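Alright, structures below, take your time with them.
The same subunit A turns up in both complexes below, where it pairs with subunit B and then with subunit C.
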Partner chain A sequence: MQTVGRRLGVDDAVIPARAAPPATRLAWNRLDLLWVVVVAALLGAGMLKSQGAFSYRWDWSSVWPYFVKTDVLTGQWAPNLLLQGLMTTLRLALWGMLIATLVGLVMGWMRNHARLLLRMVASAYVMTVRNIPPVVFVFIFVYFISNQFMPFLALDQRVSALPVEVQLFLSFLFGPMELINNFFLGLVCLSVFSGAYVTEIVRAGSDSVPRGQTEAARSLGMTNLDIMIRVVWPQALRNVLPSLTGQFIQLIKDSSLVSLVSIQELSFMAQDVQVSTQRVFEVFVLTAVIYFCICFTLSQVFAYLERRHGRAY
Partner chain B sequence: MNFNRRFFSLVLTFFCSFSLAPVVHAQQDNLIDTIKKRGKLQVGFASFVPWAMRDKQGNWVGFEIDVSNKVAQDLGVRLELIPTAWDAIIPSLIAGKFDVIIGGLTITPQRQEQVDFTTPYSTSGQGVAASKQLAANLKWPEGYNSPNVTFTCRRGVAGCKTVEEKWPKATLRQFDDDAIAFQEVINGNAHAVISSEPKPSFFVIRNSDKLFKPTNENIVNTFEGFGLRKGNTAGLAGFNEWINKNQAWLKQRHQYWFRTQDWAGLVPSI
Partner chain C sequence: MTTPLIDVQNLNKWFGQQHVLRDVYLKINAGQKVVICGPSGSGKSTLIRCLNQLEHHQEGLIYFDGRLVDQHQPYLQDIRRDMGMVFQQFNLFGHMTVLQNCVVPQMRVLGLSEQAARERAMQLLERVRIPEQANKYPAQLSGGQQQRVAIARSLCMQPKVMLFDEPTSALDPEMIKEVLDVMTELAQSGMTMLCVTHEMAFARRIADTMVFMDQGCLVEQANPEDFFERPQSSRTQTFLSQIL
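Let's turn to the complex of A and B:
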């Protein structure tokens, strides 16, 4: 009893010691100005030099129609390949984050479970996925593992049997229904892959919550599930938000990997547009800008959440 | 990463043939019957000018698309086009992601170990575009057989093999994308690029200040066939029959896509 009490005391002192970040104020001095000038000069020199070595006629005009087209049939504006690919990437990212989080929560919970078998299953999953290069994982998953369940799911056939309204709703959530198999395969692959990393984050988060909290909750008669949901995870979430942000951003970028197995997201579409227009570098630059915008927006959202949750407890 | 992709697509192709044998075997009865029963022909291909490209509306156009459409039409089924990453095209076929590759797949002995080819439905030649800055004074073709000469090609295409055979001493650099292989030569980082015609000719026309054609003759003539999973004799016979019956039509479509530029308006900046 005494040990528990002592531990609680020490840990309690640690928890509230989260200081607000110091207020930043923009103030320029001469040294800063010098740095800006030096960096700008280097960039300028580099660009000038590359213009000689890199003879490429930039032509953006042929790329834009692949974003938005004027539909020949209706005469109205409609999304073209790049925008369609972007939508698929966004859908992959959102659903991927959700599923990876669920996988991570379950596996992270198993990873700390009292039962050896559960611990072993979870750690086997994490170790297998984490120690294989992503590209190899994608190939193995798609050609060996997915073939064991995708034909039996026969998603496209099931979907086409549904009423039209339901199909419309589903295509809002998951994209064009004729590509549902393709999308689902990419989604599962991405979620299983990212889930392993989220598992470790969940485990680290749970470990970061002092044992005294769990013990106190148990002494109040809470069930294991209650302890996780009401005591451990809310506190853990605050601790792991920064690493979770990083993992989610990584997930969005990893979604470009599934283009290797012909999942028709942004990178895959960009490749098609590159080949068809022969405007390789314009499409590269555009794709980079799009990914940057998505990831940057996400990191801003999480930064906001971090500030909020930093205050909440 | 490049190494990984190349290596693993090879290894996977190899393993797929074993581990997926039961899955694939179920579909091996008679490919044509399976397709008709399903009411849908699934064709795998990769984008490549002018075989298969996206027009300004985002629709697929090109020689392969014409061929696939006609095959589906003659079988009386719907066509499902399954665009596939070029590196993964043979593993995807073996894994059963589609029925047939109609994707400008050149018939080579190495590929014949992995897939069954139909009789050729198209013939094409490889062409070379060379850098004016680096290769203007090189004697064709023997001057190019030197370690100082760098060729580029798109990884996995038959042209890479041609360079190794014809100019064994030359340095060969392989790229994932044809356009980048050409860009290296335009930038003066490599002497020559090999690719299937008419692409080298198009690039020379568009970049006449940087590129020239050392020869106007095709370097090697290659033949393309439909690619099928191994061992489906009935399916093979069915497609062969179709090709033999449609020789005149195939020739006419080939003429249109490869010898004219009438379609140039469909795709920007070709």
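Let's turn to the complex of A and C:
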């Protein structure tokens, strides 16, 4: 009888392991290079041709002072409109993510609740917000909903009654205290809007955790709240982290929408600066770069979290 | 006469229009080892899942330790705590290490300190002969190891009865023995056990009562010797002749 390969006998029981051949990976080839050259040439030709028609003289010098100004009285440096707007945008983004997440967790939990009423409330919330355009939502929220409760909160009056140190601390967290009403309005609007999308992510995440996990937790006598916090959500988070990243980036970009109702964040300030400097294109490009930097940083942070979170199990 | 630990009276359950448990009566005394067998779809799993209300029954009464088991009882969590359950698919918490799987429920449900929970967890992991895996994640373990951790996790809650829902059905053949050995040891220690399984040799070794179910009915209940040697109903005879 003929044996295939090496015969396994008593003396040579195991075929010795060999190193794996080097991995072959498709990198650049000549065709790719050709494509890049062709596209670059076309772009270059287009730019040369349009130079006569589109003669814009870029002038950035008048824009920079809107980041940092020198205070006339003290002679010290102080943040100007663009930097102030950037700070407001960052505050809106951070608090917005936090509140939208809380709203999303509560609503997402209600969306899968055994009680019909809670399910209906959560569905109504999601359906309403998701099915009207963001711009329309902002206006409706500000003119019809927020003025049902904002006047009663009277945040600025409450804040001015507080000790100075507390006010300083609050202004570090929420921006200038004289604008607290304005900031809070924008924050609530943005959080309610984004919260609806987070709700759906929370629901999808909870559904992605196998039933057996909940059953095991239940069989051990854990409470429903414990089951959510200890068992379901941690595992759901891993499954939905990529979509949550997307939603948070969306939230930062959506924060520019509240400029429509005079919340003084980055894009609102940018429009101001456009008017006063007349450098429309420069300011647009600058605004785009700033938003890109914020969002890109955030996506890198989440990519890191994803890697770290995914490694554990 | 002592009151039974578990007393099921006239239990009926439907999934939609399907009548999956029909007039089931079952009494289990403390220390008893009951093995339920029967063809798939006969309602074995549903019966033991009704005991700790992972499934809700529509008719009938279940008493556990003198208390009525019902989905609306405020003490349902206490009842579940006192009934350990081991699943076919192990259902270890994937985001926790083996040790955390055993420690976290003790802290949350029994209110133990982390120190005390850790000590008890390690004792039980040793009892299921797996202490060296304490800091691994479930996905890094074999099926047999995972199932033994699941048994330890249930035992951590110091249950009065252990429910096993086909604990070896999802295991590779070479891993079944290690799980059955742990279960045998548990039976010998005097734990009250209710076990759905197809492992008839194991059933014969540990059971003091055999129960046969078919089409939602509890067909026959007898001690192992009578059950295997002199089955009464023709359905039991057919079933046994097919699997033995």
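In this section, the second predicted complex is superposed on the first by the 270 of 313 C-alpha atoms of A that agree within 3 Å, B and C clash if a C-alpha of one lies under 4 Å from a C-alpha of the other, contacts with A are read in each partner's own complex, and residues count from 1 in each chain.
Note that in this section a contact is a pair of C-beta atoms (placed from the backbone, for glycine too) under 8 Å apart; a residue touches a chain by one contact, two chains touch by 3 or more.
Keep in mind it's a predicted model, so treat the numbers as computed, not measured.
> Answer with clash or fit: subunit B and subunit C placed together on subunit A by superposition.
fit
> Check whether A:Leu260 is in contact with subunit B, with subunit C, with both or with neither, and answer first, second, both or neither.
Once the two structures are laid over each other on A, A:Leu260 reaches subunit B alone.
> Contacts for A:Arg230 in the overlay, against subunit B (first) and subunit C (second): which applies, first, second, both or neither?
In the superposed model, A:Arg230 contacts subunit C only, not subunit B.
> Please tell me which partner, subunit B or subunit C, touches more residues of subunit A.
Between subunit B and subunit C, B touches the greater number of residues in subunit A.
> May I ask you to decide whether A:Gly221 touches subunit B, subunit C, both, or neither, giving the answer as first, second, both or neither?
In the superposed model, A:Gly221 contacts subunit C only, not subunit B.
> Can A:Ser243 be said to touch subunit B (first), subunit C (second), both, or neither?
Neither partner.
> After superposition on the shared chain, which partner residues are touched by A:Gln271: those of subunit B (first), subunit C (second), both, or neither?
The answer is first: A:Gln271 touches subunit B but not subunit C.
> Who does A:Asn147 touch here: subunit B (first), subunit C (second), both, or neither?
In the superposition, A:Asn147 touches subunit B alone.
> Tell me the contact category for A:Ser299 with respect to subunit B and subunit C: first, second, both or neither.
Neither partner.
> A:Ser123 contacts which: subunit B (first), subunit C (second), both, neither?
A:Ser123 sits against neither subunit B nor subunit C.
> Going by the contact rule set out at the top, does A:Gln167 touch subunit B (first), subunit C (second), both, or neither?
Neither subunit B nor subunit C is touched by A:Gln167.
> So if I take every C-alpha atom in subunit B and every one in subunit C after superposing, what is the smallest distance between them in Å?
44
> Considering only the contact definition stated at the top, list the common interface residues of subunit A for subunit B and subunit C.
Residues common to the subunit A contacts of subunit C and of subunit B do not exist here, since the sets are disjoint.
> Which bits of subunit B are touching subunit A when the two form their complex?
Residue list for subunit B touching subunit A: 1, 4-5, 8-9, 12, 15-16, 19-20, 23, 47-49, 53-58, 82-85, 87-88, 91-92, 95-97, 177-180, 183, 186-188, 210, 267-270.
> Provide the residue numbers of subunit A that touch subunit B in the complex, in ascending order.
Of all residues in subunit A, those touching subunit B are 53-56, 59, 61-62, 65-66, 69, 71-72, 80-81, 84, 133, 135-136, 139-140, 142-144, 147, 151, 259-262, 264, 268, 271-281.
> Applying the document's contact rule, which stretches of subunit C touch subunit A when the two form their complex?
Checking each residue of subunit C against subunit A gives 52, 54, 77-85, 87, 89, 91-95, 104-105, 108-109, 137-140, 150, 153-154, 157.
> Quick check: in the complex, which residue numbers of subunit A touch subunit C?
210, 212-213, 215-223, 226, 230-231, 234-235, 238, 312-313
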